[in-house]
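Before I ask anything, here is the structure I am working with.
Chain IDs A, B, C, D, E and F follow the sequence of writing; residue 1 opens each chain.
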Amino acid sequence: MSETSLFTIFMEGVFIKNFLLIQFLGLCSFVGVTKDVKSAAGMSGAVVFVMTMASTASYLLYTYILVPLKMEFLSLISFIVVIAALVQLVEFVVRKNVPALYRSLGIYLPLITTNCAVLGAVLLNVRSDYGFAQSVTFGIAAGIGYTIVMLMMSAIRERSTLVSIPSSMRGLPQAFLLALMLSMAFVNYFWVIPI
Amino acid sequence: MESKRLSKLPEKVIIPLKQHKGTPCVPLVKKGDKVIIGQKIGDCKDDNDSSVHSSVCGEVQSIEMAPHPDGNKVLSVIIKTNDSTETVQFSPKKNPSQQELIEIIKNSGIVEHYGVPTQSVLKPAGKKIDIVLINATSSEWVGGKFSTPEEYGMQMIDALKLLMKAAGASKGAIVLRSDDAESISAFERVKFEGKQLQVSPLIGNRKIGYYFKDQNSDIVVVSQKRIYGKSILNFFTYNVTGRKVPPGCVPADVGVAICSVKSAKAVYDAVNEGKPYYETVISLEGLANCPSQVLVRIGTPFKDVIEACGGYPAESGKLIANGMRTGVAQYTDEVPVTKTTTRISFQKPEDVQRDEAIACTHCAMCVDACPVELIPSRLAVLSDQGRFDECRKMHIDNCIECGECAVICPSKIHILQLIRYAKNAIEKAYEDLPQKESSNLKLGCACGGE
Amino acid sequence: MNPLSEFIRGVTRDNPIFGLVLGLCPTLAVTTSVENAIGMSAGTAFVLFFSNLFISLLRKQIPSTVRLPIFIIIIATFVSIVDMIMEAYSPSMYAALGVFIPLIVVNCIIIGRAEAYANRNGPFYSVIDALGISTGFLLVLMLIGGIREILGTGQIVTFGHTLISLPVNPSVTTMILPPGAFLTIGILMAVINYQKEKKRMRGE
Amino acid sequence: MTNGNRDFLIIVGKLVIISAVAAALLSITYIPTQAQLKENIAKAREEKLFEVMPQATNFEPVYGDKIINEDGDKEILYYLAKDESGNVIGYAFFKRQPGAQDIIEVAGGVTSDFSRITGMSVLSHSETPGMGAKIVEPAFKDQFKELSLNELKLSSSGGKVDSITGATISSQAVVDALSSKVESIKQLEGGR
Amino acid sequence: MNPTTLIIQSVALLGGLGIAIGTMLIIASRKFKVETNPLVDDILNVLPGANCGACGYAGCSDFAQRVVNENAPINGCPVGGFDVAKKIGGIMGQEVSEGEKEYPIVLCKGGINCINRFDYIGIEDCKAVMMLSDGEKGCNFGCMGRGTCVRACPFGAISIGEDKLPHINKNICTSCGLCISSCPNGILVFAKESEKVHVKCRSHDKGKDVKAVCTVGCIACKICEKNCPVQAIKVTDFLAEIDQNKCTACGICVEKCPQHTIDLRGVAV
Amino acid sequence: MTFTISAPPHRKSRINFRYIMWSKILALLPVSLISIYFFGIPALSIILAGVLSAVATETAIQKIFNHKLTIKDGHAVLIGLMLSLIMPPEAPLWLPVVGSFFAIAIGKHAFGGIGSYVFNPVLAAWIFISSAWPRFMTPISIPHVGQLSDFLLENGAGLLVDVSPLALIGGVYLIYKKYVEWRVPLAFFITMVLFPQTLNVVFEAVGLISSGVLNPLKYMSLIFKFLEISPELPYSMIGTVFFGILFISTDNPTSPVTKKGRLVYGVICGLLVSIYGYFGNYVAGTFYGLFLANCLSSFIESNTLPASFGSEGKLGKFYRRFIEKFPSSVKREVLFDDQW
């Protein structure tokens, strides 16, 4: 087990190893669902939730079933199945019991199964030999880092609808150039600050 | 300052049958009829309209659509004038009752400068007015028919009393502009109820209520910073009385009636002399030989006014009715002076600003300039892109159309025009959707929806 | 439907990055060098090939309500196989690609093609489609990787051979960092958009 | 049995069959690749051991108590580096340490009196190319050759190791890996 | 480890996982069932279901819902492409109508041929000009050429030409009709491809008034009415009108018109 | 007689975008001249290279894409000048050229030109080139601030703009003339001053607590510590920081438009710069911090949109509810003047 402190893991997860801008995980939703702040917030909320759940579930699965049985090579397939099932289950429960939450967050749930951010967080947890608390912390931190960037990006893109953009830049090219700027800001600002 | 009657009688006058907001009047004359000064030629349909009187003697040439200074064509009575000065019998009424006063105002066709007939301002259906304000800030000191400043002050106060009586209001105030030394001095010379009048400034929390108490009087004269604006009324009400008018409501909803100097004077004349509203004082600007103010018969085309004052100083240019800030530029000088006309200005071509609009740089100068806490730059862009729903969410209805944003914009964007464009579109799209949002928790305004 | 046009379509119109805009994460993350780009696209091609093949073979047997879980299982199986093979036989590449090999499983290209193509077409065309898409993916990855590598390090080194070496070494470190990926793909997409726009303006 | 329940059984059955086939396929691949992997790792480790302690001729693993697989293999804590005559001249070791991106596996050697690091090499990493990945370059690696243990710190914190520009985290990880492992070997050796 | 054991173990594990999760999900889906619009489910079934978000909505089900409830474009799924769009169209009944295609045409030839009454400074928009006056052209029925239709077109099919009149690119036009509803003067109307002859004027002013402001407006001279061999043209309220059912596109009126107001499509005038 | 018509207002202020841009350039002239005086020909050539490259890039782009040429509005010149001023004097000449190209092509025109960009082109370019070629962009010396005279003329250390914070007085004049707005720089400046001071006090307090001091008087005396100039404070007042405050943070398109938003933005700029500066260095911190603040500015703006005029804010509602619980006629009269 790695002995990194929880605070360091948290800061790394949020800023230094930011999923979207530095690790390139979850970019599909980053360019797809950031057209307005509301959807971005909903998506991020769903990601934070599922990421935390998935980190917990996969840690338990990995440590208590796969490792004792020496079946680490099945980890990928079982993780993805567990995540898919988890997302589906959460969707069912939320839709039935908390319709208000479902309306604001639930429609983003199916997107998450194929969001590499969640599976990425789980795999990184396993690879970094994190313990239970560390895994969960990393899951939450990655989710928060994701949320921050999604909100910033969606606010910028929402504001960009007010200005004139060259027609060939509209849409994805502009999104990528914005991501370039955000990523430059993140890389330069956070990679030097000692934690 | 004295203003002269226009020296030359125009060849023909164009009297629009709609000089107020609402439905046009029903014409009482037909082609070929002879009319005399003061004769009623258009009758109002209901209490929210205002009747129209002839300002000259002559013969009705036609009744047709003619240009109006507001920019569109309206049904107008065109009268060919003759030199006769025959008038109808004026019947002054001493000490009228409230009901009689309203009748007099209605029959005299008095209209506020913002287009609402005075009687419906003073006695709106189903609403109670408890304070009457005379707004002397946005239209100039219309001293035309007052020979001396004392007369002006006295008449205004008498007029205010009449208005208060007509509205059944207990309190009244005259609001002057704080940089208008002439008016202020005119009022400071007036004695009222044995006391010297004081012009009190409205600063910060010292709204008008403070002065009612402070001076222990029901009538006060106050002064405030100049504010412009077409739909200024709600803002003006808040500034003067501290009462917040919820969006979509009018000052009458919070018990305030706002009159202009002109209509106050007209009411005074209608009561004391029995004269209907057929002539008005307008100020002039930018002409070759230009007196600052003239007394003009309603219906006189701008062309005649300008010719009588020396004509145009240049071959082309910009002719503006009602002031540089909020006025309407005219594409023809065949438009008549109406009851709501206050000013005719002319800009030489070299003074006309033709800066090309560039993209908004988000400099936020308009945000700082806006008196009602809007974000004009964003409203302009949204309007430009046709996103009117979002304009509405950004409280575009609060805009008082003062034009400060367009004045200051370094990108020279036509912000005000865009905002008005959006407002117009919203009005059309949401005609049947009354505003349900109320910001006023205390007054329980009926139209707001608390 | 002829096999050649299906193949070419995967490279041009249905190009996974510029046409369908799918699978961006690996595209940006592993294109620090041409070598990595080739490794990544080889892995993806392998998975795409077999998943398309198997799904189109099994498409009649798959109940539509649980097709997504079944697709995921099939894909995950092949991804795991790639993962193990790469780890065993090409450890340096495996280390460089890191977590992105297992993440092929959530790559939208694969699941997207499974849904949009393999689930509706026979095995032969599905395989052709897989090959076309993989080729398109490979070309784009190599292009981006090439640009980033040559600007970032001044040379392109693939499997121990120096392919191109610039006389002047610009070494724009930013290009190899995350921002470089965004810059490259953003500008490439803008250029492609501009060309499309021009074509449309000409009335084509 | 109702129709719905039958559907249900069919669906679950198909799911199970597919997963079973998948599992079978995976385990079939697993066995040969695992063998190859072991071989690879053993080879790579041996290479690295000689790289960090070129003076030694053979390395003898020191086993811990923990059993890491069911073949009964024990965890290898570190290696005793012996010269031709069989004298222990130092200790070589591997250490896994989280870096900027992922785990960095560092190989290192230390003299038997724990005074100097004999060398450092990186077994595996996935640091950012151009920045963190420079830990494998000689310019960085050679700093560790015959480096006194007291100076095993980044130059910014008073040591002699110059960190890679813009990749302080990776450099720090390498230094941490070495110093922590040396410390633990010291304790284990002391305990013997 | 024995290969057989390994295989059996892993099969058991994944199979067990499959059974557990499958059962759980199916029970959950029964227990937490929520009624939805069957249309949405239908669309969801034809959609790729990758939930990639490439359509800009939050996943396939969101997209399906937006298609049903909020008129999202049926061709919005880039993964599925044209096939899926066609199927969704089938479900939604939004098939492109088989009838003859109609395109908007401009019923004004004024533009630079029509005088300006004044000089306008402000935002480039016909409606905005209309708000300030009755329009800047001398003719109250004419095209102002300020491009409200250009901006209304979501496809960029309209442009203002050298003659200050809008031109419609038929290759791009989708006949959505947004330009027609945007025009404050009603200059744009739909016309079928087969309707070849059009009176390109909408002015109901008297001939003299038209002549004073415009060199190409209809002056109601009735020459066309007299010359038409099939009596398809009639001048009512100072404006010639063509009965498209009778018109044979012989082109006589086009030649005879003194103002060149009448246009035969496809023939340069 | 043809009349011109337009919507009101018919008389507008004469200040336009071009005027503001050239005033900014003028305001930057003193610092340029002083830096040329101290650094000599290298400084001059860097400034020339930067400005010329910016103008050339803009011309080329507008020619190629058939846009209207907008060189005259001075924006390209300003970008080139600003970018050159934040280069070290030792930089090779191709660096400002490449930087200006990046600023204009990617930073400005790729996002749509004037008003459309979300990230300050100057900052973007500076960060791009300094992360691409760090060794050229690191100044040989960082300004040393020991005494007051160092503030006035730090003859020749750090970046071109570091010569003297005093030379940037033109920026203050711009604010005074209201060509640029005052909320952001003011909030920024105050945060910059308060941050090291507060941290000073906090560290002291933590030190006291950890050493187990219980004497409350000692804690009281921390207030005076607040007034004591902390050693970091002078470094947060160097030329680069002032350049950031007066010229970069006030760049309009990259700051929020709402009044509240601009104050928040200023504070956030100050915090980000101070944090980086405190733990790293203030020169790079200014640019990195401001760039990160640029990322946040849209988010700040969308969350500080003003409510409908006349409606009560959350604070006001709370205040009113609070007051109404304790009915005191006098208070009510003063507070709510409309109660008559």
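Definition applied: a contact is a pair of C-beta atoms (placed from the backbone, for glycine too) under 8 Å apart; a residue touches a chain by one contact, two chains touch by 3 or more.
Nothing here was measured: the structure is a model prediction, and the numbers come from that model.
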In the contact graph of chains, the distance from chain D to chain E in steps is 1
Computed over C-alpha atoms, the centroid farthest from that of chain A is that of chain B
Using mean CA coordinates as chain centres, what's the gap between chain B and chain F in Å? 45
How many Å are there between the centre of chain E and the centre of chain F, using C-alpha atoms for each centre? 47
With chain centres taken as the means of their Cα atoms, state the distance from chain B to chain C in Å. 69
Please compute the C-alpha centroid of chain A, do the same for chain B, then give the distance between them in whole Å. 60
Among chain A residues, those touching two or more other chains are 23, 28, 70, 73-74, 77, 81, 85, 113-114, 124, 127, 163-164, 169, 173-174, 177, 184, 187, 192, 194
Among all residues of chain D, which ones touch two or more of the remaining chains? 11, 15, 18-19, 22-23, 26-27, 30, 34, 70, 101-102, 166
Residues of chain C that touch two or more other chains sit at 21-22, 66, 68-69, 73, 76-77, 80, 84, 99, 108, 111, 173-174, 177, 179, 183, 186, 190
Chain C partner, complex, touching residues on chain F are 106, 110, 128, 131-134
Looking at the complex, which residues from chain C come into contact with chain E? 14, 19-22, 64, 66-69, 73, 108, 111-112, 115-116, 120, 200, 203
Would you pull the chain C residues touching chain D in the complex into a rising list? 32-33, 61-63, 65-66, 69-70, 73-74, 76-77, 80-81, 84-85, 87-89, 91, 95-99, 152-153, 173, 176-177
In the complex, go through chain C and note every residue touching chain A. 21-22, 24-26, 28-29, 68-69, 72-73, 76-77, 79-80, 83-84, 99, 102-103, 105-108, 111, 174, 177-179, 181-183, 185-187, 189-190, 193-194, 196-197
Tell me, which parts of chain E touch chain D in their complex? 1, 3, 6-7, 9-11, 13-15, 17-19, 22-23, 26
